[in-house]
Each structure stands twice: as C-alpha cells, then as structure tokens.
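The structures considered in this document are given below.
One chain, chain A, appears in both complexes that follow, with chain B as partner in the first and chain C in the second.
Right after this comes the complex of A and B.
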C-alpha cells in the first residue's frame, strides 16, 4: 500500500513538472514576451530594464533551473501583467471552472446513465432507436457550434438567457448545456453498450432466477458491473472536458481558468500560463487517481491484485 | 446383457422407489424457437417428489434451453416458447419472466452465474424467500454454506467468487438454489466441469438434500455414468426432442430407441471429456438442416422408408416408458 502511494505520487509529480517544462520552453520559443507585454513604442532601454528585472536576459537553461528551484519552494512566479502571485491569480479563477465542470459532469451523469440504461433495457425497440439517434446528434455537434446556436436561440431570439457572464444560475445554463450535451450523449451510448453486455451475463440470468424484483436486479447486479468500463470512460472524458471548457468559457465569457488561459497566452504571461498548465495536469492526475480508487471500491478482483484499497 | 447394467445395478437398486406418486411438475409440448428453427420441440417431462429425473443427450441437443424455458429465463437469442406447465396442481403457460415459486435451478457454468462484485454470502441471502426476517437471513445463509460442505462458513460468507475454486463455487450455486427452498430443482450439468472426487461429493450432497426434503430433481447431463448412479427416471433427448423416457432400470436393461441403445452400449467407453458418442456413426444434423422424417434416420441402422418421410411421436410402449420410433427394439 505504501509503495503504491509513493509510486503514484512520484508519477503524478513527474507528469505535472513535465507539463510545466513543456509550457516553459514552448512559451519562450514562441516569441519575446517583452514585445507582447510592453506597448509597441516603448523605448529599447525600458525593454532592456524589464528583461533584466524578470530574468529574461539569462540563458534559457538558467531561467529553467531558477524556475524549478522556486517551484520546489512553492513559488509559482509572478504574473508579468500585474506582478501578483501566479498561483493566486489562477486559484481565483478555479472556482468558476470547478462549478462549470461539476455541473457538466452531474448533467452528463443524470442524463446519460438513465438514457443509456433505458435504451439497453428496450433494445431494438423504437424507444431505443430514438434515444440513440438523439445521442448521435448530441455528440456529432462540435461544442463551439452548439454554443453559438444556443446564444442565437436563447439570447438573440428568445432573450431568455444572458449570452455571457457569470454570477447567476441563468449564466450557467448555456455553457453547461454546450459542454454537457456531447458528454451526456457519449455517456448514454457507452452506458447502453455496457449495460447490454452485462444483461447478457449468466449471473444476471441467475439473479432473475431468484425471483428478485427487476429493479433490484438492475441496481444490485447490472449497474455495478456495467460501471466498471463506464468509470474508465469518465476518466478519459474529464481530460477532454478540460479542452472543451477552454473553448466554452471563451465563447460565453465565463471567467474560469480556460478564459484566463487564452488571455494569458495572448499576453505572454509566462508564470500564469505555466501554472494553469500544471493545474490542468494535476486535475488529470487526480481524475486518474479517483478512477483507480473507484475501481478498487467496486471490484474486489482489483483490490486483491494490489490495488489502492486494502481489506 | 449390457455391460452397463452389471456395472451399475447396485446403485440403481438403492434408489428404486417403492411407489410412484402424483407428479409435482409436469411439462407438456414444450417448444422453444430460436432464429434457425425450433431448438426444442414436443418435450414432455414429469417430475415427482423425492425422485431424480435425468435428462440425457449430446451437447447442443437442447437440454439447457429446456431448463431455462421452464425457469422463464430464455436467452435473448430465443424467439419464443410454447407449452404447458403444471406445478403442484396449478397449470398454466410456460413462464416468461422468471420462475414460478418453488422452482430453482443450478446453472451450467456455476462461476459465471455468480456476480463477481458481490460476496457469495450476499448472493445466497438474496435467494432466500422474502418471508425470512432480515435478522435471520445472514445466519440462514451461513447455515446453507455449511450444509453444502464448505468449512468456515462464517468467513466464506464474505468471500467473492474469484477467491473460491470451481468446486466451491459449484457448492455456492447449490446453496443459492436451495436457499429458495424449492420443491423442484433443475440441475444443468452441475458436475460436468469438476474432477471426479468433487463430482462424487456434490452428487452425494444433492441426494442427501433430496432424502431430507423430498426435492424433485431434473438432472441434466450427458454422462450416463452419473445417470446410472442417481436417476430414478430418464429422458433421452436428441435434436431437441425426447426420443425415449422411462424408469432408469428399463432404459439400461432394455433400451427401446436405437439412439438410447447406442448411448447405453458405449457407456463404459464414454469419456467425460469427449462429449461425442464414438459408437454411433454419423453426425447430429444441425438445426437448419433437420430432416423431415425421424431426426435420427441418418445415423440409424433400423431406418426404413417410413422413417425418412414421417416423424415418430413419443408414445407409450408397454406399461412403463415411452419411445419415439417406428421400429423400436
């Protein structure tokens, strides 16, 4: 168990620092941040002063080593825009993204799981075909396009919802639908496949042979077994969700990390971009860990094989 | 005199009942349709309390489908089912959604029939009748685990199927079937996957239960050695139909159907591993290519013109047993 934890933590750390490193070099090779940050007509002496101040005049490897050392001390650097602590700037925006992501995942689960289960239980019927047709539409639609459609319909035509911003439930509706539709649709299809697979298993037949109510068969036997592949799928989806969130937050002016990321890349706000990249990597690592813990919790065979859970 | 009878006569005598009662379960005209045709047809069966009725036949002849149909648990590949079921005096159609009360089954692959994510104990508890009070359920399940001969019942209650051997899981499957306190038990090849010593213990176990509770058992097997040990009555199945049925002594001493005779004659040579019956030449016709006449005609030494045009039905011959053949032995 201890070995497992140490191993996982080390791997997580390598992943996160690796992502930060990549961002570090790509950003510096993509052009001089001073030019992006200072007004175009700034005198060369001023540019030189800032370059020295921020250590950008040093060789790249030296900048990198300094960066790693300050990271090890818990210092994520300062925003080049306003000099504030980069971590603080990012965390300030994290809440909005977490709210959006949480609502999207909840939405996807609340729609996708019942829809997929319903379709599987009525396999081959018109109800099944209808559900799956809707699902194909749901995930075939690119999410930025869906976002624009929603704005056209609900903000421009019907004037029901604000087209952008943050602060009320009404603001959340369209971004959440934009991101959640595809995820719910994919989840529905995935759940349908897994449930169908489990429904054909001999142990489900045996459970029915016990004269249990159908609901008990579904809840006790079909769902837990069907959940195993669905959990893996969700782990992947959370990774994709982050990418989708960047686009969606910008379409709807949602003040989350995705919004900040685009802004900071444009401004060459080096420390902030690197911190965001690490935050995203950390989220992925955490999602993976949760997936593994969930496996161990559901499946006793994984527990036995030296998984994360003991006893 | 057939070798089989000499070899197994003592076992048969030990279980020969003194009288025959009212059947506790009767099936008439059971048919199961699958995509390619009728996989089971014209099946009549009759089970009596305290007696074991063996259903014998080669792999693929429809034994499992017959049991699953009686349980109302046909696989999705099955298109439909028809027939009548009379159980404990109440008659009706073949059930379609789960078994009637009093009927339980041990499935062909015990381990696959256990939910891998649930402790075996909870799976037994789940099968107990609804009227067993909540507080008594765990103790009753532990009792059952002990009764099927698994030591440390208390600890084993918490085991998962993957932690137990095939033989142990088979016993758990028996415990689950018995938990429902059935009056009729359908056992679909419950010992086929097991080694000979475990098989013998499991057979003993089932027979013990039968003696103490008067359970009627339909025991499915393709192993005539097992039939000789445990059966009171036998039905021989071929290509989805019952071709001969009657008391086990008659069947072994004087099989009437040419197919049954083939089975009985090759008994000593019949290996448990190979399901094929070496002494009967020819192959079982597949479902899509069944002949219009007698389905055994292509392999039968007694076949005549009538056999290739007309289908023989199962008819009583003499005072015991029935046979579906135009030229019975």
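Right after this comes the complex of A and C.
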C-alpha cells in the first residue's frame, strides 16, 4: 500500500510540474506582458525598468528556472496590476468557488444517485425512459444558455432571485442550478449503468434469494459495488466542473476564481493567471489522487492487484 | 461496418429492417441535425440578408410572432442585423470550428495513442505524461489564457478547441491497440510476415475505428459547447464573423428588451448538442455489445 501511495504521489507531483511548465511557456510565448500592461506611449526607460524589476529581461530558460525555484519556495510571484502576492489574490477568491463547487457536488449527488438508481431498478419501464430523457436534456444543455434562461425567468419575469451577486442563499440558487444540472444528469446516467451492471451479478440474486428486504439489498450489496465507477467518474468530472464554474461565475457575477481568471486574462495579469492555472491543475491532480486512494479503501481487490489501472 | 456483422441475416435480405431498428427519437435527432447542417451549409443561398448587413432604421425589431414584421422573421439586433440570417451564418462557423477541432484532436490523440502502444517504454511514459497534464488542465481555462494573451485567429481557435479531448482519444487508442496486439489476427499477420505499418494501418485501425468514432460522436457536443463558451466570452470567433456563441454572448446584455438575440441562437446550440448526444448514445449502444440496455 505504501509503495502504491508513494508512486501515486510522485506521479501527481510530476503532473503538476508539467502543468506549471506548460503554463509558463505558453503564456511567455504569448507576448510581452510589459507592452500589454503599460500604456502604449510609455517611455522606453520605464519599460526597461519594469522589465528588470520583474526579471523579464533575463533569458527564457533562466526565467523558467527562477520560476520553478520560487514555486518550490511557495512564492507565486506578484500581481502585475497591484503588486500584491498572486497566491493571496487567488486564495481570497477560493472561498466563493469552493462554496459553489461544494453545493453543486452535493446537489448532483442528491439528485443523480437516487434518479439513476430508480431508473435502473425500473429498467425498460416508462419511468426509466422518462428519467433518462430528462437526464439527456439536462446534460446537452450548455450551462451559459441555461444560466441566461434562469435569469430571464427568475430574475426578470418572476423577480424572485437576484440575477447576480454574492452573500446570501438566494444568490447561490441560480449558479448552483446552472452548474449542477448537467452534472446531476450525467451522474444519473452513470449511476444507472453502474447499478444495472451490479444488479446482474450472482451475489445480488443470492441476497434477494435469502429474502433480504430490497432496500437492504441496494444499500448493502448494490451501492458499495456500484460506487467505484461512480467515484472515478466524479474525479474526471471535477475538470468539467471547474471549466463550467468559469462560465457560471461570469454569468452570475459570482466572485470566485473563475471570475478572477477572466478578469486577470483581460488585464494580462500574468502571475495571477499562472497561479490560477496552477491552482486548478493542483486541484484536479489532488482530486484524482483521492479517487485513486479511495479505490483501495472501498475495494480491497485493488490493493491486492497493486494498482487501480490493472484492477 | 460492425453493425452489419452484428445484424441477423434477414436484416441483410431486408434492408429497411435495419432502418426500422433506429428508435424514433434518434431518427428525429438525425433529421434535426441534418437540417441544422443543411441550413448552415446553404447560408449563402437561403439567408435573407448578409450576416453583417446593418439597417440602423430597423434596430431591435422583435420577431414576427411577437409583433415584428415579416421582413425580419426572428427580429433584429442592436445594429439592425437580421437574427435569422446571422443564425444561419453563425451555425456554419460554429459547426466548421467544431468539425475542424474534432479532426485535429482526433488525429493528434489517435496518432499519439498508436505511438505509445507501438513503442512502449519511455515513449509511452512520455505520452501518458502529456495525457495526464492535459487531463489536469481544463481546456476552457487554457484556451481563455492563450487566446487573451496570444491574440485571436481562427486556426488558433480550432487548435485550442481541438486540444479538448485529444487525451481521451489517446487513452482509448492506446488501450485498444495494446489489446489488439495480443489478439489472434495480429499474431497471424506477424507470422505470415506482413510489414508492420500494414498490420497497424490496414488491420488494427479498421478494427478499433468503431470505438474511436463513437468517442468522437460523444465528444462533439462538448466541442461545440467549448467553442460557443469561448465566443460567449468574446474570445472565440471575432466580428464581423459570427458564431452562435458570439450571438448569445452579445444578446446577454439585451435580455430585458431584446431577448430574441440571445434566445434563438441558444436554442439552436441546444438542439444541435441534444441531437448529437442522442445519436452518440445510440451509436455507442449499437457498437458496444457489452452494454446492457
């Protein structure tokens, strides 16, 4: 188990460094941030001064090595806009994104798991078809369009909810629905398939054969076995969730990291954009690491087999 | 191709039978998608106005059914441009970008997947490392940053949108090629001394094509949504060209007094992705016999 954990950790670290490298070179090749940041008529001496100040006059490889070293020391650079610590600027916004993300995942689980299980148990019936039809509508719906429709309905027609902002539960309803609908829908479809797979297994027939109440069969025998693909799915889904959060936060003016990203990209605030990319990559890698480790915890067979890829 | 193999003999004798096995919903989705593609392809011929034709005397006209005139069936936008015509042209741009991006991601991912499975060793490790990195960076985030810093061009947009999903093709291809390499038909080809490129291109590729095509179909809605999302932020397709996402993004500011600018383009995006999802699901179920339904 220890070797497995160490191997996974090393791999995660390499992936994060890879993401940092990619972000660094792509953004540096994208153009001179000085030109973008200073007014076009700034005197050359001023430009030179800032270039030296931020180390942009050094060769690219030297900048890259310096960047990696300061990353290792926990220094993410300074915001080119106001000179504040880039990590601080990003962390300040993390709370809002985490609240939104947490509510969305909870919403998706609360709707998706029961809906998918229900459809699987009623397989082939009109109830199954109806559930799956709703699900496919939910996940084919682009989130920015759903967001606009919700604003049109709840803010402009019914005047029930604020169309943007942050601070109360009412502000959270529409962003959470916008982001959660697609995830709940996908989860429902996925849970349905996983539960169907398990329902066909001999041990489920055995449990039913010994007259275990249906609820106990599902909770004790079906769910634990259907959980593994569902957890993998959730790990993958984090990426789409983050991408979706960028859109949703901007539609609803939610002051999270996605909002900051679009703002910083428009301001060409290199350090902040880089830090956001790093933060997102780290979250994704961490989420998948947790998923990998959760396998071993849920399914002892994985531990014996030595790794989930083979399992 | 695989469908024919799986179909019972009488399906071959009676070709309409195979058509009849397409569920009504999927058939409807195919017709709808075909219609969108047809209208988009014929934009030059059927659009009543050009996509950039302005008529400042007819700004913000509502659609005909909401009190507007028959001159502008779906109303006009803030510059007096015909929404219906712009939807035809916008759909054309969106579909072309999505097709180009899918082709790019498909080629890149499949090639790298083949390379990883053929050479194994450190090459395989390197490819899988790239796959991990791509999987850890949501494409929307990367594309936003690159487009904003690098400036915008259509080829760049297609490449960036295409990067979304290449790692899925690479993973899938690698897995399928690895298992194909162990299979009987590849072994026998080796024994009779067939050249390696021939085994990979003429024998393994056709055998795994079904799975790859299903993956491409399932990816396509996400690709359209990604392009529209970028254009929605004003970073995708640039004016005077238009795309469905750009119209939706522009219309967002006028939701209160001119809802039609945003809503109609949104409906077209939604119908397109919905049709693709329905078709993709059906294809996957048809081609994957292990799925119970």
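Keep this in mind: the second predicted complex is superposed on the first by the 301 of 311 C-alpha atoms of A that agree within 3 Å, B and C clash if a C-alpha of one lies under 4 Å from a C-alpha of the other, contacts with A are read in each partner's own complex, and residues count from 1 in each chain.
The rule is simple: a residue touches a chain if its C-beta (ideal position, glycine included) is under 8 Å from a C-beta of that chain, and two chains touch if they have at least 3 such contacts.
Keep in mind it's a predicted model, so treat the numbers as computed, not measured.
Student: Quick check on the superposition: with chain A as the shared anchor, is it clash or fit for chain B versus chain C?
Tutor: Overlaying the two complexes on chain A (C-alpha atoms) leaves chain C and chain B fitting together cleanly.
Student: First (chain B), second (chain C), both or neither: which does A:98 touch?
Tutor: neither
Student: Looking only at chain A, is it chain B or chain C that touches more of its residues?
Tutor: Counted on chain A, the partner with more touching residues turns out to be C.
Student: Calculate the angle at chain A, using C-alpha centres, between the directions toward chain B and chain C; round to the nearest 10 degrees.
Tutor: 80
Student: Looking at the overlay, what does A:220 touch: chain B (first), chain C (second), both, or neither?
Tutor: A:220 sits against chain B, while chain C stays out of touch.
Student: Of the two partner chains, chain B (first) and chain C (second), which one does A:160 touch, if any: first, second, both, or neither?
Tutor: A:160: touches no partner chain.
Student: Just chain B (first), just chain C (second), both, or neither: which does A:200 touch?
Tutor: Both partners, chain B and chain C.
Student: Name the contact category of A:273: first (chain B only), second (chain C only), both, or neither.
Tutor: second
Student: State whether A:152 touches chain B only (first), chain C only (second), both chains, or neither.
Tutor: Only chain C is touched by A:152; chain B is not.
Student: Just to confirm the value: shortest Cα separation between chain B and chain C in the superposed three-chain model, in whole Å.
Tutor: Comparing every C-alpha of chain B with every C-alpha of chain C, the smallest gap is 12 Å.
Student: Go through chain A and flag every residue that touches chain B in one model and chain C in the other.
Tutor: 200
Student: Give the list of chain C residues in touch with chain A in this complex.
Tutor: Residue positions touching the partner: 129-130, 132-133, 135-142, 144-146, 148-151, 221, 225, 228-229, 232-233, 245, 248-249, 252, 255-256, 259, 262-263, 266, 269-270, 273-274, 276-278, 281, 291-292.
Student: Spell out the residues on chain A that touch chain B in their complex, using ranges where they run on.
Tutor: The contact residues of chain A facing chain B are 200-203, 205-212, 216, 220-221, 224-225, 298-301, 304.
Student: Within their complex, state which residues of chain A touch chain C.
Tutor: 11, 14-16, 18-19, 22-23, 26-27, 29-31, 33, 36, 136-137, 139-142, 144-145, 148-149, 151-152, 156, 193, 196-197, 200, 236, 239-240, 242-243, 246-247, 250-251, 261-262, 265-266, 268, 273, 276-277, 280-281, 284-285, 288
Student: Show me the residue ranges of chain B that touch chain A in the complex, using the header's touch definition.
Tutor: 68, 71, 73, 75-76, 97-99, 101, 104-105, 107, 109, 112-118, 126-127, 160, 162-163, 176, 180
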